[in-house]
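In what comes next, subunit A is part of two complexes: it sits with subunit B in the first one and with subunit C in the second one.
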Partner chain A sequence: MRRRARRIRRAVVGLAVALFAATFLVVYVQLASGHDPALVANAAKRRAASPSVTSTEASAAESSTATSTRSEASTGSEESSSGASAVTTSQS
Partner chain B sequence: MHANDVSILATAVGPHLFWITSRAAGIAALVLASLSVCVGLLMGGRLLRAHRPDLRVAHEALSLATLAALVVHGLTLLGDGYLHPSLGDIAVPFLSGYKTFWTSLGIVAFWALLVLGLSYYARSRIGVQRWRKLHRFAALAWILGLAHSLGEGTDAGQAWFLAMIAIVAVPALGLLLARLRRGASVSAPSSRAADQAPVRQPSIAQ
Partner chain C sequence: MSGAEIIEDFDCFGSRCSAVISGAGEVGSAQDAVAFVKRKLLGWHTRFSRFMADSELSRLNRDPREIVPVSPLMARFAQAVREAGSLSGGLVDATLVREIETAGYDGDLRDSLALASALALAPARRPASAAPARRWQQLEVDRAAGMLVRPAGLQLDSGGLAKGLFADVLGDALATHPSFAINCAGDLLVGGVARTMRPIRVQSPFDGRTLHTFELARTGVATSGIGRRSWLDRGGAPAHHLLDPASGRPAFTGIVQATALAPSALEAEIRAKAAVLSGPHSAPGWLTHGGVIVFDDGSHRVIGPAPVVTLAELARHTRPRPGSAQTIARAAGPAAA
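Up next is the complex of A and B:
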């Protein structure tokens, strides 16, 4: 009975770790490939703000992994969060 | 993929590692909590009599795994270079300026789950009957967590996220509704008799 309980606990721990790893991988790939929902929304906002950017330039910027400032702060915390530019990733 | 591409990806994602970890831990916590609620309701509703001790162990392990994932979800946010939250921002409701309502909902859900979950180990002091009544609120805390993830979660609009959550949350919601409907018709004497069961019996059921 005790062995059975230990087996169940191990299975749950394994499930939790696998779940975390799988989700981490999905979010990581999503972000790295430029399809992260927060970053894409921000890219679209910037594109709308600067109409001089051509559509090809804009789509290139959207798919690039280099453009990665988050858009969540647009709901009100932009003033309080001074580090918005700090997370802009660098790509050479 | 060349090694150069990999290094570019790593460089691009590097500053967001805390953010990604927090998101992954939050989603994992939600799935684990939903599974835990499912198992708890299956036990409490006496829908699966055959493997009750196994279900109790699974429910307990899933609950503890949920709490661990929630701790990771909150603490990794402290390292996020974008939000720069303080410990108060992630632990005290209505203190954070970032999506205050949804953030507070998540914080309240976490504290409720922590207190209600860990109270299992003090149920002999609390009194089994009182503890059972208290433990029912864990389902409410889970619903608050669900609302927090759908209201604030970065991935809330993503198909993979919604599918992942639906697979575990819809059965849990169904079981909860069935339990609430059945709970109204359960007679008081029978539940009182069940409450007098010994403490070491599988009594984590809601």
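Up next is the complex of A and C:
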């Protein structure tokens, strides 16, 4: 009787540990791979709020020199949600 | 954002450069700062051009002495050449001047061969490798004394390394401004004390569309590839400016463009070049801080920077804690900070 109780206790503890380890592993892998569901929702909101991406190269290439403030936006620079103009990297 | 953002866009290094600066700092107002950037870059162009006979670089390359006095910036550039060779295991070799001239790049290129045509005519793809001679190891730089020691005849090509270095030097000068972005013909440095997040777009070498947009507050970025400066050599074979150091010939590796993020623009330049030269299999290994690889078939792969989570964001999802604005990186990677 006592042996049976011990066996059942062990099985319950083992199952609980295995279940905890599996859950922990799933959450760990999810977060470590950069896919935190809470942050994904935030990023989606930020993307929705920022303006669409457009190329500025054509307008920039028309003149050899262009100076502007952001409000004039004569280079066609795109602003992010933070207010900073976008910059483009391409082969030189 | 602190104050109006001033944008200056101008021709330099046979390409386009730009400065985007907001707010006042050590250099003065944002307007003063963009003027400073433009003046510096145009001045450095005349000193570091391989195509101007009286530039400091051309005079250094012609100098028959083994020990040559150089300006502080030239000494830094020579040191960058050594660092590039060392970091890339010899893949990024800025001593291949004779080889690049033999391949046909001995002046400003006006008419470039279309990328699709170059790829159609290109030989079988294979990764580049280091030159056995590793000439860059023969460079010795004494920055304190302003002296460069190298075997007579060893020449330096300013290429992309100088542009990355210039962006970093300007970034140091602009460090106290709230927000800035310096674009030295494709090599960028983004920063500023305000840590403003800035969109950084990566352009396709095939059609100019935006392949990916990173949004970062402080980082170096560089794009290297074979799309823009390609030509037909004397034998009618397609050529470009990224040489396989082992063969001294233009490298066709299966990658047409790589963009690298890194803590500095110079390191980004080295990583981008090494990624293109190492071929599709090894390229991702060079983009440890993130980047974009564009393959011959037009497809591309984005390698994200280390993800960043602010304490404020964390607090929103756990318990609100006032005054927690410090940024932490979830994984190592200063480029993403």
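One rule holds in what follows: the second predicted complex is superposed on the first by the 51 of 92 C-alpha atoms of A that agree within 3 Å, B and C clash if a C-alpha of one lies under 4 Å from a C-alpha of the other, contacts with A are read in each partner's own complex, and residues count from 1 in each chain.
By our rule, a contact is a pair of C-beta atoms (placed from the backbone, for glycine too) under 8 Å apart; a residue touches a chain by one contact, two chains touch by 3 or more.
Given the structure is predicted, the values throughout are model-derived calculations rather than measurements.
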Could you say whether A:Val13 touches subunit B, subunit C, both of them, or neither, answering first, second, both or neither?
first
Looking at the overlay, does A:Val26 come into contact with subunit B only (first), subunit C only (second), both, or neither?
first
Would you please give the residues of subunit A that touch subunit B in one complex and also touch subunit C in the other complex?
36, 38, 65-66, 68, 70, 75, 77, 80-84, 86-87, 89-91
For a test of understanding, state which residues of subunit B touch subunit A in their complex under the given definition.
8-9, 11-16, 19-21, 23-25, 27-28, 31-32, 53-54, 57-58, 61-62, 65, 68-69, 72, 81-84, 97-99, 154-155, 157-158, 160
In the complex with subunit A, residue positions of subunit C that touch it
1, 4-11, 13-16, 18, 20, 22, 34, 160, 163, 179, 181, 183, 185-188, 190, 196-203, 205, 208-210, 213, 215, 221-229, 257, 259, 304, 307, 309, 313, 317, 330-331
List of subunit A residues in touch with subunit B within their complex
1, 4-5, 8-9, 12-13, 15-16, 19-20, 23-24, 26-28, 30-32, 36-38, 65-66, 68, 70, 72-73, 75-77, 80-84, 86-87, 89-91
Which positions of subunit A touch subunit C when the two form their complex?
34, 36, 38-39, 42, 50, 53, 55, 57, 60-61, 64-71, 75, 77-78, 80-92
